[in-house]
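To keep things simple, chains are lettered A, B and C as they appear, and every chain counts its residues starting from 1.
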Amino acid sequence: MNEKKETKRELLLPGDLIVDEGVKPGRGTFKRGGKIYAATLGVKTVRSGYVNIAAQSGRYDPKRGDRVIGTVTDVNSSIWMVDLNAPFPAVLHVNDVPWRVEFGDTKRYIDVGDAILVKISNVDELKKIQISMDEEGLRKLNNGQVIEIAPSQVPRVIGRKGSMISMLKNYTDSRIFVGQNGRIWIDGPLEGQYIAVKAIQMIEEKAQVVGLTDAVEQFLKEETGKVLENKREDK
Amino acid sequence: MVDEDIKLIGKDGIRRDGRKFDELRPITIEAGVLKRADGSAYLEWGENKVLAAVYGPREMHPRHAQNPSRAVVQARYNMAAFSVPDRKRPGPDRRSVEISKIMSEALEEIIFVEQFPRSSVDVFVEVLEASAGTRCAALTAASVALADAGIPMSDMISSCAAGKIDGQIVLDLGKKEDNFGEADVPLGMVTSSGKITLLQMDGNLTLDEYKKVMELAMNACREIYQIQREALKKRYSTSLEGYEDIEDTEEE
Amino acid sequence: MKELISRITKDYLFRLIKEGKRLDGRDLLEHRKLDINTGWIGTAEGSARVHLGDTDVIVGVKMSIGEPFPDTPDKGVMITSAELIPMASPKYEAGPPREDATELARVVDRGIREGHVIDTTKLCVTKGEKVWLVFLDMHILDFDGNLFDACGIAAMAALMNSEVPAETFDLGDNYKLPIGHVVIPTTFYKIKDQIMLDARLEEEMIADARLTVGTNEKGELVSMQKGLSGVFEYEDTISCIEKSREIGDKIRALLKDKV
């Protein structure tokens, strides 16, 4: 056997052995012959007794409770079909929207091409994804724009304790929502949106995380001409 | 197949291209080279140049081909018209259909297909320049592209051929060696377990010779696996710097 | 398989374009970073890989001996084809070339043919019997909009990089493929009354009309193609042609360096 040992923060590849003692196999792992291995390319994290692999690439893997941004691809008399950048399309049923929709009246509320902010309400064993809009904050997005980043980059855009995202909002006077599926909704003055998009692209492309917040702040200062002091809590 | 006039190995045991019997041609791999695909890899192996792209898992079309309990792995091996000395007519021929089929089957072994019912994992390999051993190059590149696409898998696959020229067992036949040699055995191997996921053979070998061929090819697969690993590590190395800084994030 | 772009994002793009701005910060008449690499396919007589932003194409030239057309017994023959392989985009499917691929191949072909890029009179071996056949195969690897310019430039570069394989056919020494003119296409997109050069995918998806203009080193027009259901004003076409000549000259200079 060609078993590979891993160290902290090392990139694990599919089939790499995880050597931690007394942990249970979590997300992105599998068990074979009493041992735990990585199933996807990613980084190991251990939480509440489970070892997980945080994927560094790939499509969005839907989890119940995630808030995501979808694009409506099809409508019929009682459901909307929604693309989430997941392996499977999601279904939004008329019972799961905040309005009382008469049978066959679906199109009047949400149509093909609409962007919607929804929650994953269930993923069943056959990977059928159900989503819901019937909760505070969930809605059809009427203004602004939606951009897409790799789902694995979502934590970088949010930043530690949300530091990156609040900085982006403050400098660009925009409302920003980062869906767990890598879709980001941005709304605000045209100029602000434009700068926010550029900043997010910068976050995605900038290789190193060390000093990233400072680099992005510098960029935002230059682009917006704003000076916001001591807004960040993590410094 | 033996042509008396052509000597493929010199008296000093050195092959026409300067390699020893157990030496691979130079191999370089780069992961993540395409923007649209979910994962990709570019591989050069001697004069061979192949590009692999992965899309999926995604909803399978046409619908009637969906499997309700697992993903369907569809590999497509395609040669560019200019990849061979005599221009190849675009589109699939019998050879590329066969290679696509055995590649799909080889890759299906490592992918956790049961996690993705009704979907497909599509693997597209384009051979841009061909110089013997393209199916091994294709499978090796496809495996890197699958990992780059974040597809859940039990392992990786590495692939290499060995065979017989001038009565001697050699690794990784070059173009002339393939044309004038006595046997060629392309092998695809699941790296950690050493299990065989692709195997073909043509020519003539004794059982003893087969054993030697396989020993060479299997060792080479382990060597190639390290190159695949390095390619993926290089692609993701920078994005892992300072990873713990962002590990504990919460939503806005 | 469909490409998805939400309605609000489209609206944002329209607003941006109205103000003369683009997604990636370019000016309306600025093209993306152009990268040309020639001659790295050993099995081809000539080859070029072109990156236009994230659009990535490769063109290979293969040559062999064949019969001339009856009406041009002393001229070589060029055959152009394009494959929009499923590697390049989630919306491409395997199978015979679709309309898009056929249009692309024909537009590139027209620029080269009508622009007399290849001096076909020098590709005759025996009049009426044997001439050189030049196969130009375009392979799209990554699709992020504007294939016309990426393929047209790659085709030009690949031809300039080509060597006639005379030795292989016992016809003497190899020689450089005779090039008459250097034709460069530039493609303009009209979106909500604004005209922009070199659209990337999102822009191409919302474009009303498209105009490809091929010019040669003398600034002469050699091919044009208007596409999509929108319309151009006559004056628009004039400004596109003028801009095309200017950009064509820049790219010709770049090609001279690279090939």
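Note that a contact is a pair of C-beta atoms (placed from the backbone, for glycine too) under 8 Å apart; a residue touches a chain by one contact, two chains touch by 3 or more.
These figures come from a predicted structure and were not determined experimentally.
Enquirer: Given the touch definition stated above, what is the smallest step count connecting chain B to chain C?
Expert: Steps on the shortest route: 1.
Enquirer: Which chain pair racks up the highest number of C-beta contacts?
Expert: A-B
Enquirer: Specify the chain most distant from chain A by Cα centroid.
Expert: Chain centre farthest from chain A's centre: C.
Enquirer: Report, in whole Å, the distance between the mean C-alpha point of chain A and the mean C-alpha point of chain B.
Expert: Here the centre of chain B sits 33 Å away from the centre of chain A.
Enquirer: Could you put a whole-Å number on the gap between the CA centroids of chain A and chain C?
Expert: A distance of 38 Å separates the two centres.
Enquirer: Any chance you could list the residues of chain B touching two or more other chains?
Expert: Only 58 qualify.
Enquirer: For the complex, give me every residue of chain A touching chain B.
Expert: The touching residues are 1-4, 9, 11, 13-15, 28, 30, 32, 37, 39-43, 45, 55-59, 67, 87-89, 126-127, 152, 155-156, 158-162, 165-166, 176-178, 180, 207-210.
Enquirer: Residue numbers of chain C touching chain B in their complex, please.
Expert: Residue list for chain C touching chain B: 1, 40-44, 47, 54, 56, 58, 60-62, 64, 81, 83, 85-90, 94, 96, 135, 137, 139, 141-144.
Enquirer: Applying the document's contact rule, which stretches of chain B touch chain C when the two form their complex?
Expert: Contact set of chain B toward chain C: 34-37, 47, 49, 51, 53, 55, 58, 61, 76, 78, 80-87, 90-92, 122, 124, 126, 128-131.
Enquirer: Going by the contact rule set out above, which residues of chain B touch chain A in the complex?
Expert: Where chain B meets chain A, its residues are 32, 38-39, 56-59, 68, 110, 112, 115-119, 147-156, 191-194, 222, 225, 229, 232-233, 236-252.
Enquirer: Touching chain A in the complex: which residues of chain C?
Expert: Listed in rising order, the residues are 2, 4-13, 15-16, 19, 21, 23, 25.
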